[in-house]
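Labels run A, B, C, D and E following the written order; every chain starts at residue 1.
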Amino acid sequence: FSDSETTATGNENGAGSTGTDGGGSGLADDTLDYPAGRPATEVQFNRYSLGNYAHTLQDQLFEQVARGYADGTVRPDLLEELTVDGKTLTLTFPENFKWWNGDDVTAEDYYVGLEIDRLQQPEESNIESNTLVDDYTIERTFKTAVAPNLMKADVAETFVNTPRSVYREYLTKLQDASSQSDRESVTEELLNMKITTQQLIDDGLGNGLYEVTGFNSSETTLEKFEDHPYADRTDVPKARIVPETTADVDSLAVNNKLDMNPDVLMSESQRSSYPDNLQNVYRLNWFRTQKFTFNFKNEHLARLPVRRAIAHAVDLESMVAAMRQAGTVGSPPEKQTALRSTIHEKYLGSDFVDSLIDYPTSKDEEGAAGLMEQAGYTKENGTWVDPDGEKFTLTVLTQNNNTQVQATKVFNDQLNAFGIQTEISTVSSSDYYQRLQTYEADIFWIWHVAKALWHPTAYYSNNFYGVEVGDPSSGDTGPTGKPFTTTIPSEVGAKEVQGSGQEIQPATLMNELPSSESEEQVKERTRTLVRWFNYALPDLVFVEEDSGYWGDVGDFSMPAEGDQELNTNRPGQFSFKKGWISSK
Amino acid sequence: MSSDSPVISVDDVSVHFSDSGGLFDLFSEDETVRAVDGISLDIGENDVVTLIGESGCGKSTLGKTIIGAQKPTSGSIKYRGQDIWEAKSERNPEIPFSDIRRSLQMIHQDPGSALNPNQRLLTTLMLPMKKWNPDLGRERRKERIFALLEKVGLSPAEDFVNRFPHQLSGGEQQRVVLVRSLLLNPDLILADEAISALDVSLRVEMMDLMLELQDLFGTSYLFISHDLSNARYIAEKSGGRIAVMYLGKIVEVGPIEQVIENPQHPYTKALKWATPNLYGDDGDETLPVREIDIPDPVNRPSGCHFHPRCPEAREVCRTQDPNLITTDGGHGARCYRADESHEYWDSPSIVDDEGELG
Amino acid sequence: MTPRYLLKRFGQALLTFFVTITVSFVLYQAMPGGPVEAMRSVILSQSGSTSIDIDRLNTLIQLYTNVNPDQPVYVQYLNYLRDVVLYQDLGRSFFKNEAVTTLILQRLPWSMFISLYAFALGYSLSIILGVLTAYKEKSRFDSGVSSVVIALNSVPYYIVGVVLIYFLAIKQSYFPVGGRLGSGIPVGYNPEFMISIVKHAALPALSMGVLATSAALSMRGNAIRILGEDYVRVAQLRGLRDTRIATQYLGHNAILPMYTQFMIGIAGVFSSAVIVEEVFAYPGMGLLMFEAVKTQDYPLLMGTLIVFTAISLTAIFVADLTYSLIDPRISVDES
Amino acid sequence: MSNPETDTFDLQSIYDESIEPEPESRRVRLRRAIDLNVLAPARVAADDWRALLGGAILGLFVLMGTVGVVLVDKPTSGDAPVLAGPFEELAYPLGTDVFGQPIHSQLIHATPGIFKMIFAGAVVSVGFAAIVGVVSGFKHGDRIDTVLMTLTDVVITIPGLPLIIVITAIFQPENPYLVGIFLGIDNWPGLARTVRSQVLSIREESYVEASEIMGIPLSSILRRDILSQLMPYVMINGALTSRRIIFESVGLYFLGILPFTTFNWGVMMNLAYEGNALTRPDMIHWMVFPMLCIFLLSFSLVLLSQGLDSLFNVRLRARHANTTKKDASRASQSD
Amino acid sequence: MDDDTRDESDVVFEMRNLEVTFGTNRGESKVVRDVDLDIYRNETLGIVGESGSGKSMLSSTLLNAVVEPGQTSGEVTYYPPDDREPISVLDLSEKELKKFRWEEVAMVFQGAMSSFNPVKRVRGHFEETLEDHNRDIDAGMERARGILEDLYLDPDRVLGSYPYELSGGMKQRALIALSLVLEPEVLVMDEPTAALDLLMQRSIVSLLRDLKEEYDLTIIFITHDLPLLTKLANRLVVMYAFDVVEIGETEEILYDAAHPYTRMLLQATPDLNVPVDEMRSVEGNKPDPVIRIPGCSYHPRCPMADESCKREEPPMATRSPTHETACFYHDDVDEEMPLRSDGEGGQ
């Protein structure tokens, strides 16, 4: 058989010990089985290559420098300290971590990656310099003033995954390169370099608590790395990762063959089919939200009352309910701020939030009808016609993934029921982003988060994961017809512009947000943007997703809220990597 | 009964079939079958010619060539002086091709397969009428069809025309086919083994019917058979000629009595031997050929094609192919033995290495 | 069989191969946006959590895909053709950073395994059932088997797959729901490994095998026709053994008209891997193609199409070669 | 036979004779045509349970697609409680899906699309096959025959499913007719080949030669002699092709390769499958009913294709016709 | 049949009350009707009759090989040459039948062109026959070569060929050789020459005569080609409407046909030596196996028929010790339906 089924070195001793067939066994034994990512046969760990699916496994195997938390803060993970001083961010590394191959993990390992990132395009980078102060300290200096939290956010969710033993040579080449084209050829070289899973094992290129010992297309086996500082925290010697793409997670769970699902909550609908020892362990308000974007090039959608009418006419609750059936757990946003509600307090304050315009999360057809009439629309035979008496149909573009279709379907049906004709166009996920960028649909579904962080920049980003307005230097309106300059009421929560209002430039604001000089400025700019969003409703956010994890609470003791700080991305994996999961 | 201007005159006609090469037939060797090889023949008004010969000797091919259903490789076929294939390609021929097409008809061997199984007989019979008598009304056409059907004994015609071919017996089917060709009032009908498929007891009746209609309509017949006694019956009753074919050539032709009574060609003699009679002529069980099997039509023997089987063959037959040697009264044979002064008589006999069969 | 005939078939196979490559190329050109767009689309869809900014991403993709759109189309075509034919180089996968050929070669044996498994299972059963039902024409056995076969023919194989998963893997864990190898099984020629791969392949193979069952009906039809042939009657009159008549007379002759279809059937069964492997999450060629479709990995997509064709071609070519072994008339009667 | 009184029989005389045309002729003819072409097939069908059952089921689906869509409202989310079980409530007898849409109305509203797809696919593949087959059969030996057959061979060899997947992945057809056409693309060659060989053998039949010799125009020969013989064949294959189109289209929707804008059984299955209906007893009906529909529709087509065989049989039809009866003894002898 | 007259003769087959019926949707179709017939050792018996008169069916019963779903009833007794027990053919078990067939009785039947398995070489056919009958293959093949040579075939070439590579005549002869390979007692030949050329037909008939002598065969030869038959058969059986209407030595049938049907048949047969005007055709339609014609089944077509023919079925009447016929008026037939002029003279 094909050599893709390589047996790893580690398997020789481990063979037979867990040899039950049937796609994984999460039965009472000392191995923690959980689904994640792609088969290790298809993944490689060069951080620079594109589309290599590294991200689907790397967070199990590498230490993370710092993390964002749902309350909006960014705090060190591996780092001992993360401090800001003016334009400089100082990272202090601990001294007791090791690579699997026995080398110390030093600041240089991370520095190499930072410098390569910067030197690929030194002009465009917003980093002035990275300096290796000593073996365990890096100073990172920005070109312009940046708010302290944003500077920390810059290294959040990044990994120590560029071992100097491998990447040093590329850095040297980049440093030697004199022109941009020379640098590009190094980049190209980097793009094509490969670190296969086998190499990862052979050269010991990981540094997480659990070390890869073997893999094949249907599993990756891990063993505790005894030299790791957290090794004493847990008594789970082994783990097995079942690829999400090849295993039917649900049927494994139903047959009690999994011990944990590290970043997916069990929905109520699954409860009945899952065994009792599997329980939701931790639930958090995730950073991710989803929305429908309105294309102002459509004359109807360009009208504010119509957008607001749509917000009234659809029942966000039932959209979320449909998604819940498909396994997405979440709730509709209380307020249309474009921000995840967990950071409202931090960036907006409750008074501000309370004064914002309320859009109902359940259906308010009367209110919607009122708004339509206000815009001069009339209802004929159950269908709204525009002020000229013309009928119109809105096209809605969505991706053909389960959750998206579920939500869009309900959205559509409700608009139709209200009397606004819509037509869905469903595009396979592979084509979706391409179709999206033609901006030909009137309304389109999109994630609403540009970065894996609970931070305003993650939501107010001028690309389509944020609130895309377009390049303000390119005319009056962007690709979705949203004006670069617009007037909003000066008063928070006013439904109409009274007096001269306040003229703002959302695109410019969004572009400037990441380079805000102070926390205050971040808040200031965010509030302006929130007012704009809440008033003008350029997009309609319909769900704030929840995340968390479930686990086999019968066999393992899992940390829950209060035990540890878990309100961060992928809490299950985080617990596991921290050594917080032990057998009972 | 040939008159001065023949209905059909065949002049040195050959038909060769060769494998047509496909897109990838780059290296194909030519396998040419000379189905008809340089035949000349005239068929007159109200004439009957019977063609006999072994299977595969080219009878059908010759017949179809004569009625213009098969294009000859070389030579010419003239219908009342007009070259058929020129008529087809020329703009203003003396006799339009469509007239020729109508005048030369055919009856197939298997009456069952000569009728479209999915059509009622009326449709089958109406189609040619529609084509050739477009002015006639539907009812008038029907009348003619009915009259002819009744004439051949298929009555009540009204009942028959609404049947499907499978609802008729073989003899009845053959009559319908005959009627169909007669509807066009042709000058020549090619009857290609038209009675072989019928039960022995029905053959005479069918032949009689054909001859009767021939009388009536003045049609000429080219009658193909592999059975000498049937051929003889037709030819003798109509006073026609008989032509014996062997491997693409007519090896003997003449009035029936002479060919039967006094066959010149050894092959005709063999055929005569092979046609057993109920009465008389038994006893002679010596095979009159040296080999039972016919040679491969692709690689024919040199000289006279019959020589490997001919009991009379001599060395000269191996190398030279005799021409038609006419004796008397239109009787001729392609055999040196018909010529009493030919060098053949001095040629040594073929020494047969395999030993004679007879 | 004549060398000429061989040559002709070979020529035809080459032509087909050539046409497929050309079609692939044309489709490649017809793709909206081209590879750069495709790649960007996929990376964007992977993210939602990617922190990379779009401009930078574009630059990287440009570098990575290394496309040179300035070349005239025909030059690109000729290069493509040259690479495929001369170097068996189908390009590099956009996303797997690996030569398409390597990726395919890794997956191919697995797909071959389940296809052949399915094929052997499906066709041997069909042939036997076809002959048996023909022998017992109009009996209860016949109508029973025929009904089952007709019913099976009315169910798409992927549904059979789903049903099999439901009953045999989820309700009763007789078989695994997916994958090609059990966890913790050492690779090599040991019984555990063998049993595991066979068990994993069983359900996919069964559902693919359904495709082959339609052969039972045509086999039955053929066998009934052959039963009416003189030579079978003569064989019976000659007092030959029943097994001989059933195999050498009935079986052999009834298979003849279906033989080429059988071989095309292999290709058909093999291509059904695209759906079946996805349903069973069986990492073979089919799943590779499916992933390529999902990620718009065009080089990989075209590569798999070409390989699928090559396999089909090979099967048909083998069919042609072996056909003359089972039917001596072939080289004479080609049409 | 002989007919002594008509010895003076003369061709001219029968042509000159004028008889009053029978007045009832047209009516009689019409009656006969109806009897033979409508009533007789109906009687044959009534005798053949396969045609009967197949026709009945197909008829039911046609009703679903025509009357059904008028009677039953288009489903919208929130029509009913989410995931209601089947056979619980009269308003949604088959239960509802996760949107609270009644399953039965989804099934019904998916039918027109399915039929459009089948129609387009069958017309394209059968039509194309018939044209290619007839032309190349009629021009047997000509260059055009060689070219067409080479083309056919090439297309046969390129495996259909992967090709279709590639094409649909690239063009993302949404219109059901377009989907049908795409799916038809790979279905024609096999049929074309068989049509060609049928044409070749029909051409060998003497009645075609007879028609040619009688100077019947080519169009009539094609229509009367060739197409009428091919019709049954083509119809039967049409039914089988339709089944294939259902399988493939639903499969592509099921896999999520085709964009699922409209109602489609495959889309339902996809959503249910992706929603893990297999492991969720409260959801399984969402999966089962579309599966059942696919099964029933293809089952009816398979049955029909088998029943059609006897429906097109002239002998059977003639036997069941009242107006072409003749005494039984003669009919049987020539059989 | 009158057994006394044939006492001393050696009977191979004895058929009594033989009937073959088919169930059709129109009713029961009786395609052989109550036939009694004896076949003598080493004779060549010819069976003639129009197409569909039941000749093939009758001959198939000799091997109990009537095609499905035909039902055979009555008795067919086979007397082996040595002093073995007589065998009741219709009562044989499957296994005994397999042995009986081809070892005792071989059959070359209508449509011999397709009697060979197209995918098997001719040699294979010989070998498998020998093998399945547990004969020594080498000795058997030696014998086969001999027979093939007797039939003017090149053994090596023929044995090494596939059936499609042989011409019709060669195939026919190879089949005859195959039928003789197990040295059967009786050879049943059902129109073995119908599809062949005249010359070939006649040649094969010649060869058969020689073979019969050489291998001590009893041959039953079926054809509707009467002239050919007369060159081979000692005795003729005339069938009409699924029954035997006349049996006699060949000469007796030719020159003293007693049944009006036989006479009609003789007159309808084209013959080079008979003037064309003396040929007549047989008029009327052939009978239907489902509808039993009351009385003599030939009466609707018979010029001599009267009321009694319509009512009663004529029994077999003896005309000479070797000549029997089923006609009430066989004494008047000479008068009513004279034979051809040179029919008598040609003797």
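Quick notes on this structure:
Assume a contact is a pair of C-beta atoms (placed from the backbone, for glycine too) under 8 Å apart; a residue touches a chain by one contact, two chains touch by 3 or more.
Note that the structure is predicted; figures quoted are calculated from it, not measured.
Chains touching both chain B and chain C: D, E. Here the chain-to-chain distance from chain A to chain B, counted in touching steps, is 2.
When chain pairs are compared by contacting C-beta pairs, A-C ranks highest.
With every chain reduced to the mean of its CA atoms, the largest distance from chain E is reached by A. Chain C and chain E, compared by their mean Cα positions, are separated by 56 Å. If each chain is reduced to the centroid of its CA atoms, chain A and chain E end up 93 Å from each other.
The geometric centre of chain B is 32 Å away from that of chain E, both derived from CA atoms.
One finds 39 Å separating the Cα centroids of chain A and chain C.
Those residues of chain D in touch with two or more other chains are numbered 1, 150, 169, 257, 278-279, 330, 333. Shown for chain A are the residues that touch two or more other chains, namely 248, 251, 254, 428, 430-431.
Across the assembly, chain E contributes 283, 285-286 as residues in contact with two or more other chains. Partner chain D is touched in their complex by these residues of chain C: 12-13, 15-16, 19-20, 23-24, 27, 30-32, 150-151, 153-159, 162-163, 165-166, 170, 264, 267-268, 270-272, 274-275, 278, 289-290, 293, 296, 301-302, 304-305, 308-309, 311-313, 316, 335.
Residues of chain B that touch chain D in their complex: 20, 22-23, 67, 69, 98, 101-102, 104-106, 108-110, 112-120, 123, 127-128, 131-132, 137, 139-140, 143-144, 147-148, 151-153, 159, 162-164, 166-170, 172-173, 177, 180-181, 184-185, 205, 208-209, 212, 216-217. Every residue of chain A that touches chain C in the complex is listed here, in rising order: 1-7, 11-12, 14-25, 39, 41-42, 44, 46, 49-53, 55, 121, 124, 157, 184, 187-188, 191-192, 194, 216-219, 221, 240, 242, 245-248, 251-252, 254-255, 288, 399, 428-434, 447, 449, 451-452, 463, 465. Only residues 63, 65, 67, 97-103, 106-107, 109, 111-121, 128-129, 132-133, 162, 164, 178 of chain E touch chain C when the two sit together in their complex.
Only residues 50-51, 152, 167-170, 197-203, 205-206, 209, 224-228, 230-231, 254, 264-266, 268-274, 276, 279-283, 285-286, 340, 342-343, 346-347 of chain E touch chain B when the two sit together in their complex.
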